[in-house]
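Down below is the structure, laid out as structure tokens.
Chain nomenclature is as follows: A, B, C, D and E, assigned in order of appearance, with residue numbering initiated at 1 for each chain independently.
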Amino acid sequence: MTKNERMKEQILRTSGVNPLKCMRCGKCSGTCPSYDEMEYHPHQFVYMVETGDIEPLLASKSLYKCLSCFACVDRCPRSVEPAKLVEALRLMVIRQQGANHFKADDIPALVDEEIPQQLLVSALRKYSK
Amino acid sequence: MQALTREVLLDRAKALFADGTVDRAYGWKRGEFDYDVTPGLFRSVEEMEKEFVFDDFCGANFSKYLVEETRKGEGKILVFLKPCDTYSFNQLLTEHRFDREKVYAVGIPCEGMADVTKLKAEAAEGIRSITAEKEGFVVHTLYDGDKTVPRTEGLSERCLVCKSKKHVAYDELLGEDGEVADSARFDEVARLEAMNADERFAFWQRELSRCIRCNACRDVCPACTCETCVFNNPNSGVESKAPVTSFEEQMFHIIRAFHVAGRCTDCGECSRVCPQHIPLHLLNRKFIKDINAFYGEYQAGAEVGSRAPLVNYTTADLEPGEAVQRGNEHA
Amino acid sequence: MQRIGVFVCWCGSNIAGTVDVEAVSEALKKEPGVVFSTNYQYMCSQAGQDIIKNAIAEHKLSGIVVCSCSPRMHETTFRKTAAAAGLNPYMVEIANIREQCSWVHKDKLTGTEKAIILGRTAIAKVNLNAPLTPGESPVTKRALVIGGGIAGIQTALDIADAGFEVDIVEKQPTIGGKMAQLDKTFPTLDCAACILTPKMVDVAQHEKIRIFSYSEVESVSGFVGNFTVNIKKKARYVKEDVCTGCGLCTEKCPQKNVPNEFNLGMDNRRAIYIPFAQAVPKVATIDPRYCTMLKTGKCGVCSKVCTAGAIDYKAKDEYIEEKYGAIVVATGYNPISMEKFDEFAYSQSKDVITSLEFERLTNAAGPTAGVLLRPSDHKHPKTIVFVQCVGSRCSGAEKGKEYCSKICCMYTAKHAMLTRDKYPDTDVYVFYIDVRTPGKAFDEFYRRAVEEYGVHYIKGMVGKVSPQGDKLMVQASDLLANKQLHIEADLVVLAAAIEPDASARPLATMLTASMDTNDFFTEAHPKLRPVESPTAGVFLSGTCQGPKDIPETVSQAGAAAAKVIGLLAKDKLTGNPCVAHSNELMCNGCSSCERVCPYGAITYEDKEFRMPDRTTRMRRVAKVNEAVCQGCGACTVACPSGAMDLKGFASAQIMAEVDAICK
Amino acid sequence: MRKIAVAKLDALFAAMAKTHTVYLPADGADGRAQYTRWEAGVVYSTALNTVRSAKDFFFPQTENLMDFKMEGKSIELIDTRDEGEDFIVFGVRACDVRSFDVLDRVFLAEPVDSYYAARRAHGVIFSMACTRPAETCFCKTFGIDAAEPAGDVACYIDADTLYLDAKTEKGEAVLAALGLEDSDTAAVDAQKALIRERLDALPLSGLSAAAFGGDKLDEYFERPEWKTLSETCLGCGTCTFVCPTCQCYDIRDFKTNTGVRRYRCWDSCMYSEFTKMSAGQPRLTQLERFRQRFMHKLVYYPANNDGIFGCVGCGRCLSRCPISMNIVKVMKTLGGKNV
Amino acid sequence: MQVTEYKPKIVAFCCNWCSYAGADLAGNNRLAYPAEVKIIRVPCSCRVNPMFILRAFQRGADGVIICGCHPGDCHYTSGNYYTRRRMALLFSMLNYLGIEKERTRVEWVSAAEGAKFAATMNDFVQTVAALGENKRLEDLRCKL
């Protein structure tokens, strides 16, 4: 298995998305409010994951232009759920950066009346290995 | 101990007799001892006052009797249904086996019924009496004093893995209705599935070889209401009166299980009545487990008119080869 | 005990080369029941058949076994031979010792051994054979067509032209169906009305056709050749035979605000109405939901203006019972509801319409008299966006329909082309996923829209339509340019998926005809019997079976008619005698057999039985309709008591075969 | 009287097994006693009742009678008798011992059932006194003394000693060959007294069969109580198949690959197909079939067999009937105060 | 001394419309398969009652195979779908009882698949032969 294939596998597993269900209608991109900000558009995310062309996606700023509004998920006629791919790619970037971005020990310093504790916990889940 | 007392049921029966709703009633009759309760048909309030009983030994399911009894007489028959009995009741209705209009069904809650064999095992010889107490069944023995069996150890296997405390059919409900339980009833099947073929064969050989072909399992089974059973029909090619060889024991039980597959509500009566204590329910439950795994959850009798899995299909059903594989993986 | 004759065929050297035929006929002589056994070079030849005939007479044979080639080859031949010799043809069994023995085995010893086993298996079976006689049932020479759209019309005309009586049941006040609502038809662009209405008139005037308009099928019983159908003629409060269709009432009726369903609610009609000018029958109908007279008893204007005296406020629903030999389902389709697709703003803006509404907007008889005007402000739209595949090709029931609706690509090309033709100043965009144009002159048609008429075909889907002022902001992706487009449109047209008419499901239940998960009727065979339902005597015409365009519908309608004619041309139906039958003494009446029967051949009746204890009691028992049963045997296994068996393939026979093989 | 230490039981059985096949009650995997062929490792169970009775040894559930072999159109008869083996049934309770008398009167009367007779001739019965009779026991009702069981050898067991008392020459011969130690009767006498005391204390000890007998046909046949008694009977054969005295059988043919095997197997009068003939069944309803079984035990059998009842009070049907209907309930219902 | 090679007994139920025709086609094309396979013609695979399969094993069959039209192609539209469910459950039950699962099989063979028919039978006979005699589900009386 090549690195790209491995990455693809991982993306598919974490996202639970099956890009083969895509019929290339482009409704995700048609519906996307951040379209113009993006280098790669929602339908390209789906297609590029399908073809295993993951690295450009990981490197692209487009990942962070997605607002996670889930309009594409809602409107996709084939239930492909492109936003979940974006989410999975973001996770992959975080994990690839290796080190823990956030450790349990960091938490006490951050505790603040104003910050909901749930936020810290979910951040820990997301940003620690 | 049951949630409702004999008196609650009796009072309701009296009222139903009195207002003419019913003219006969199925109920449990007091036996010689505390545990040998007999299912019976009462024709009057007087008979009921004398002999009617309701306690932890009232396991018998009346549903099957309705097939014959509803064909007699004009009046309605009162029948008390425990939650598990209601499934058999509905299944028989699905199969058009009796006229619903002839029955007045009173749902009653059930706290599980005792397994007399388990209690008898405690008192190897001689039971003077048995009382159900908070701490369990107290067996007053003839020779060894009193022995207390915790309730969970004295209940029937089928009650320990009760699938539902919810009544799916009744005209009226006495007491509280319960919920469909998240039962562990397939654990034993899974344990067998995990064995290898030789072990499984040895297990079933050991169990089934005890069969004496008394037909009690068939005759008590609420799904076995055939006008003529294939095993009694000389033209069926499988008729037999006695277990002549190990093949016939297997054949009888496989065919019987297959005939009730998808229709068996898992009431457990077959294993309750087997004089040789063969765990026959493990055959039926295998079918139920497979059906659930292969074709989606299906509970026979849960609703009247539902289409049993064996008279149904989808174009995407799994292949028999895959089925065997999946059945083996004890999924 | 049977007296069985065994006839072993050499088939030249085909069998005799690998099988010692002499040894086979000798060995089989010893089998129980066998009184005669011989072998011959070609059993199927005249001489061979004579051997069989003579042996039947000479040895008083009650059954014969022919060890020869596949029964698929010569079973019929030998059955005829037996019949000619006075033996019931179903007392013949074939042991296939050629295809399944001599041709697949090389060693003569092996071949001979197997041939003997195959022979004794057939003998074991024939020992239990019983003479069978195919059942016969008469055929009522009248057909019922359910649905009066183009499919129903064409089927009815074709059947009637062959000389059989046909009744059409149409739930609307007029026949014509969806086609009557269309403007032009692809790919030739001839006007729908021009080609449809003459056919409607033909129907009305055909002496063999009766139209039950404003009527519905209430119940169906019986079976192929002998259906009894109960038809409800809904009260239209106008005497059909008296009304002249002058239309005066429809002008004078004071109730003016009734949404006109023929124009899809884009304009209004009166409470008494004739759907459209060419309606057949051209008879007014009072809509009881809106008629003041019917609701309050005060008005009566129509009655006053009707010089013919056709108005009858006291009319009641009528029920007609009629017998038919064949039933054709032609219940058609409807566009699906657009409610689920809120992103296209269908419910927010009047200027987002479906394609069928667009048809009415461009139809000369439509609400705008054929001038393309926006429904909201009646202005001429300058920019029109067509969206394809709305609700088609979706991944599951919650999203839409899984199938391709088939007609949208072509009618959208038509709409786009016609718009550009009539209003060259209009910008027309078509958003497509794929353009599917398999059909004669179809792709050429689509290419013309692009190349000659300058329609902007954009590969991509519209993501969102948002009304802004009097404009519709269309946001879509252009996949090829990799751009997101924002188009300020005046009109958005949605190519809505089509689905079977809602009346189809209850009708299928009445007919015991099967449906697929999308409620399209299932055909008896997807390739070889596409216009027949698996239920004998029920035929399928048009979109009730699956999405179709007009040419396909018409050809299928004709095919269905041909099948109906083939059926009605017979005086009697001869069945296959190898059908299921239920031993009612053993039947539980449990309905298992009925549930697996693909043909609806099993019904139940309550029957009185004398019990062994001399009492009697009523029991529900299964009854097999031999004319409908096709003999698959599914019921025999579903039956728990073994009451159901299959003639010619009885359980006892099959078990005897098993025994003979395993000996 | 002879004795042997309980600890040496295995040696005793091993010695018996030299000349006889030995069957004795042993606990099965399910914890319930069944007659088991003794071999090293099989442990004698003192459980009161085996699930199936000891009648199996003389009248097995299925028994091959003969084979027919067919070749072409000729038929050959093959004798399949195999009842020539000497055997001992050890640990038979007094009730079951009496059941052999009941069976003998049927099978050994003319015409003698030679299959049964041969098994009887080859079998030696070691009976066992019941020190702990159960609540379901009512052998006393039929004049059986569980303290003094019949059989070829009567046995008594206590915590450490087994006492053996030969009752017949056949029994004596077997015992003599075993070379056991002689014993006085003191311990056994004490046990007998204890047993009788216990029998009297049983819940069913007062049950009397006096109201029944060969002359009671008219009294009971048309009694309305049969209806209520039989109403919920499932018509299964459990009571008959666990009963030590039920003796009905059916003769059937099985088609083999080369001919026919003729065998007999137990039948049950509770079955709807019982004694079905070309004209149908003689007893058409479950009421009639149910009545047949109990009338046979309590009236018909004594009528033909010097007043001996066809029931021995072993209590198996009391604990096995799926609906807990049984002969005691029948006797009490029909006999009223007299029972 | 001559050692006779073990020959399993195989019963093949074939539906009239597809698999029986497939078997005929194998014959037409002279595609050999072992003579141990004996075919019983049934109108549809759904005619095969589990009792027939047990009967075959009782009588000494070593393997039973059921062949029908491919799902979706049933001459009777739905028969083989029922077969599929029945046999899935039956086979799973036999396996549960410790009967070797390789002794039973369902295979879809169309009228055009003569080669598949022959290949299937070759494979099935080989598989069953490897298992040896059916000892677990036979009735010894039959062998008398």
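Everything that follows uses one rule, which is that contacts are C-beta pairs under 8 Å (C-beta built on N, C-alpha and C of every residue); 3 or more make two chains touch, one makes a residue touch a chain.
Computed from a prediction, not measured in an experiment: that's the story for all the values here.
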item	value
Mutual neighbours - chains that touch chain D and chain E alike	B, C
Given chain A and chain E, the chains that contact each of them	C
Chain whose Cα centroid lies at the greatest distance from that of chain A	D
Computed distance of Cα centres, chain D from chain C, in Å	68
Distance between the centres, which are taken as Cα means, of chain D and chain A, whole angstrom	79
Chain B-chain C separation of Cα centroids, rounded to whole Å	45
Between chain D and chain B, distance of the C-alpha-averaged centres to the nearest whole Å	30
For chain E, residues that touch 2 or more chains besides their own	50-51, 55, 59-60, 72, 78, 82, 86, 141-142
Residues of chain A engaged with two or more neighbouring chains	none
Multi-chain contact residues (two or more partners), chain D	254, 257
Complete list of chain pairs which touch one another	A-C, B-C, B-D, B-E, C-D, C-E, D-E
Complex interface listing, chain C residues touching chain A	343, 389, 393-396, 399-400, 431, 433, 459-464, 475-479, 482, 484
Residues of chain C touching chain D in the complex	30, 611-614, 659, 662-663
In the complex, chain D residues that touch chain C	72-73, 255, 257, 280-281, 284-285
Parts of chain D lying in touch with chain E, wherever the complex brings them together	67, 69, 254, 256-259, 261
Of all residues in chain D, those that touch chain B in their complex	28-32, 34, 47-48, 51-52, 61-62, 132-136, 198, 201-204, 228, 231-232, 234-238, 240-242, 250, 252, 254, 263, 265-268, 271-273, 318-320, 322-326, 328-329, 332
